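Order of writing sets the labels: A, B, C, D, E and F. Residues in every chain begin at 1.
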Amino acid sequence: MSGNRVAVFRKVTFNAAHRLYNKSWSDEQNRKVFGLCANEHYHGHNYRLDVKVIGEIDPETGYVINLDDLKRIIQEEVHNRFDHHNLNLDCPEFKDLNPTGENIVVVIYQMLRARLEAKYDLQIRLWETERNYFEYPV
Amino acid sequence: MSGNRVAVFRKVTFNAAHRLYNKSWSDEQNRKVFGLCANEHYHGHNYRLDVKVIGEIDPETGYVINLDDLKRIIQEEVHNRFDHHNLNLDCPEFKDLNPTGENIVVVIYQMLRARLEAKYDLQIRLWETERNYFEYPV
Amino acid sequence: MSGNRVAVFRKVTFNAAHRLYNKSWSDEQNRKVFGLCANEHYHGHNYRLDVKVIGEIDPETGYVINLDDLKRIIQEEVHNRFDHHNLNLDCPEFKDLNPTGENIVVVIYQMLRARLEAKYDLQIRLWETERNYFEYPV
Amino acid sequence: MSGNRVAVFRKVTFNAAHRLYNKSWSDEQNRKVFGLCANEHYHGHNYRLDVKVIGEIDPETGYVINLDDLKRIIQEEVHNRFDHHNLNLDCPEFKDLNPTGENIVVVIYQMLRARLEAKYDLQIRLWETERNYFEYPV
Amino acid sequence: MSGNRVAVFRKVTFNAAHRLYNKSWSDEQNRKVFGLCANEHYHGHNYRLDVKVIGEIDPETGYVINLDDLKRIIQEEVHNRFDHHNLNLDCPEFKDLNPTGENIVVVIYQMLRARLEAKYDLQIRLWETERNYFEYPV
Amino acid sequence: MSGNRVAVFRKVTFNAAHRLYNKSWSDEQNRKVFGLCANEHYHGHNYRLDVKVIGEIDPETGYVINLDDLKRIIQEEVHNRFDHHNLNLDCPEFKDLNPTGENIVVVIYQMLRARLEAKYDLQIRLWETERNYFEYPV
């Protein structure tokens, strides 16, 4: 089977607070566009993340990537930054970037992309709720 | 992040009755091909729908599309037509079209495609049961 | 471990059509109370059923009940009657009984109760949708 | 079937921010007991709620309770208060009460209990994450 | 809220191999009763475990039990013994006890019961597959 | 709708034991790379399989493929070989191939590919646990 390209997925969760807000708009405009998501004191989510790594099967291990290594990278890049934090207040990534699902999924992609060898392809799916989720790249 | 293309998914459900039946066949032939699904008095499903919309992140909102707008379109096109209805008897779309998962997913795609701006790409996944589901386009 | 009382659960699904309707009421009254569920041509559900059987562990097998036997009984009593059928039109149990989740769960309890040895206790949970479910006895 | 007592369940979700914190303790003590949950700027959850109402089947409707009525009560008591809010800052119920799963589930029980007729029994299950959940009364 | 009795649940998973076999029976008898589960070289499951602990809310913490403590106890008693092991070959608990779901759930109850303070009540639910699960005590 | 290409998915499960092991390595090296998965006496999983078949809708049936036929092929190729078996000991496919998720998903693809008409495209997703899954081809 060695040499075949396979996609490997690892699913994790993290819990964070956020609000959606455009600083250059009035509160009224924020409320109109973002609804309850603009509420001043934040709300939160159990974010679920599916990390998809594509690569060739290593003939010695039968692995595309050791999932323990992938888990550690996700822990360092995602959990250490975001888990049990407030995305707007605690995370410099969202200081000037609205923490919508769309923006979060691209930010996480860039963080993990920087840590994976170039031979791997990467795609991220982020679940904000059971009904709304996001994927990058398309 | 603006300009990046991201996929946004919205998951909804609707409940409907249907039967599988080819009018040009004998009852025996229908029973042979469609099994219990050809039963005369209909059966039904909790259909689950994953609507995937692909587009660029808007720099002002951080959204690809406002999910409240997408929700409203799905309500108008899918729920108002199909929810708590009999696909064979109540829905002109299936007057001469067998309401298989395959046909339903294409019909829903066409309805939603007509309501979305051309800048968006669209893909539909329809779950008939927890074990059988359908996706269009491929 | 023999002699300990343990609860054993078997989860199954069946697909059926139904409508909620009280024959002694006007259509207007039915619509007012049952909403879309009163629609004339039926709708349907993927019903999920959790069958809970309580009994003592048999010292020879380590089983409370052989799940293959339980599966067969559920098949004969529930699937053969209801699966891919219209509860209102095809099932004499609901000829004069409104097929609400509450009534269905009691009917299924009575059918399975009649097939199980008296030494077993029985409880049924019926899921009409992912959000609405019913349990009997309490 | 009328007169049989059946349990009816309605599952809903709401999204909120919170932190766990005992005001009479030092920050160090809070950190020791509550770990990341004590982080200053809050985190959040997609809370899932299973509301269980037990009562007799009404012979006219086949319902224990009209789920549309139950839905409205949950909306008014739970969603209007907690959804997209910060439990610590926005909700007087948690001004002097640590918003642990245990305390939230009792608070929600009391709110819904006050709105339901005495003939109904009530039990609440609250999911804080996919792995941690809480039930009251026992 | 202090003094109210609340149930706290923690869900975990472990992966193990097993076979069902009664040493005092012939292979034919084992095959007849246990079917494929008696296959000689074992098969396996992703077991899911719901640990339910009932107790009073502590007024200082708002906790019934610190879930980190419960997690550690489950790790020591369940994962260290069973995870990624063969229940029949590696675990003395099942040397002379058929590792059915019924027997496993009682064994796990006894292990965790011995580690919890007497003031707590305990109930265990064990999922062998998505369709078959077990609960003790009843 | 006939002629449109649609993807049809069928989800199944099977239960098997396995261990990860490279015969040309020392036990120490196996333990270092595969961790608990190298344990001598095997562990096991409830494998979940999503089989995706892409083809044109048949105008007579409204089907891409009759799911009963697909179910039978999966039963013959996957369940008869792997269900309730030990992948390392019972299955010649893994005599000299480490049964990682990556290798299993490619093996299953090849088996099903050989049974499907050339007009169909095929993709397999294999879930080893709720958190780790694999897809081929990419």
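One rule holds for everything that comes next: contacts are C-beta pairs under 8 Å (C-beta built on N, C-alpha and C of every residue); 3 or more make two chains touch, one makes a residue touch a chain.
The model shown is predicted, which means the values in this text are computed figures rather than measured ones.
Of all chains in the assembly, those touching subunit D and also subunit E are C. Path length between subunit B and subunit F in the touching-chain graph (shortest route): 1. Over half of the residue numbers at the interface between copies subunit A and subunit D are found on both sides, making the touching surfaces mostly the same. Per-chain Cα centroids separate subunit B from subunit C by 28 Å. As a whole-number value, the distance joining the C-alpha centres of subunit A and subunit C reads 41 Å. Once the centre of each chain is set as its mean CA position, subunit C and subunit F turn out to be 33 Å apart. Residue numbers of subunit D whose C-beta contacts span two or more other chains: 130. Each chain pair that touches appears in this list: A-B, A-D, A-F, B-C, B-F, C-D, C-E, D-E, E-F.
Of all residues in subunit C, only 13, 15-18, 36-37, 39, 41-46, 83-86, 89-90, 129-130 touch subunit B in the complex they form. Looking at the complex, you find that subunit A touches subunit B at residues 20, 22, 33-35, 97-103, 105-107, 130-138.
Those residues of subunit D that touch subunit C in the shared complex are 1, 4-12, 52, 54, 57, 60-64, 66-68, 121.
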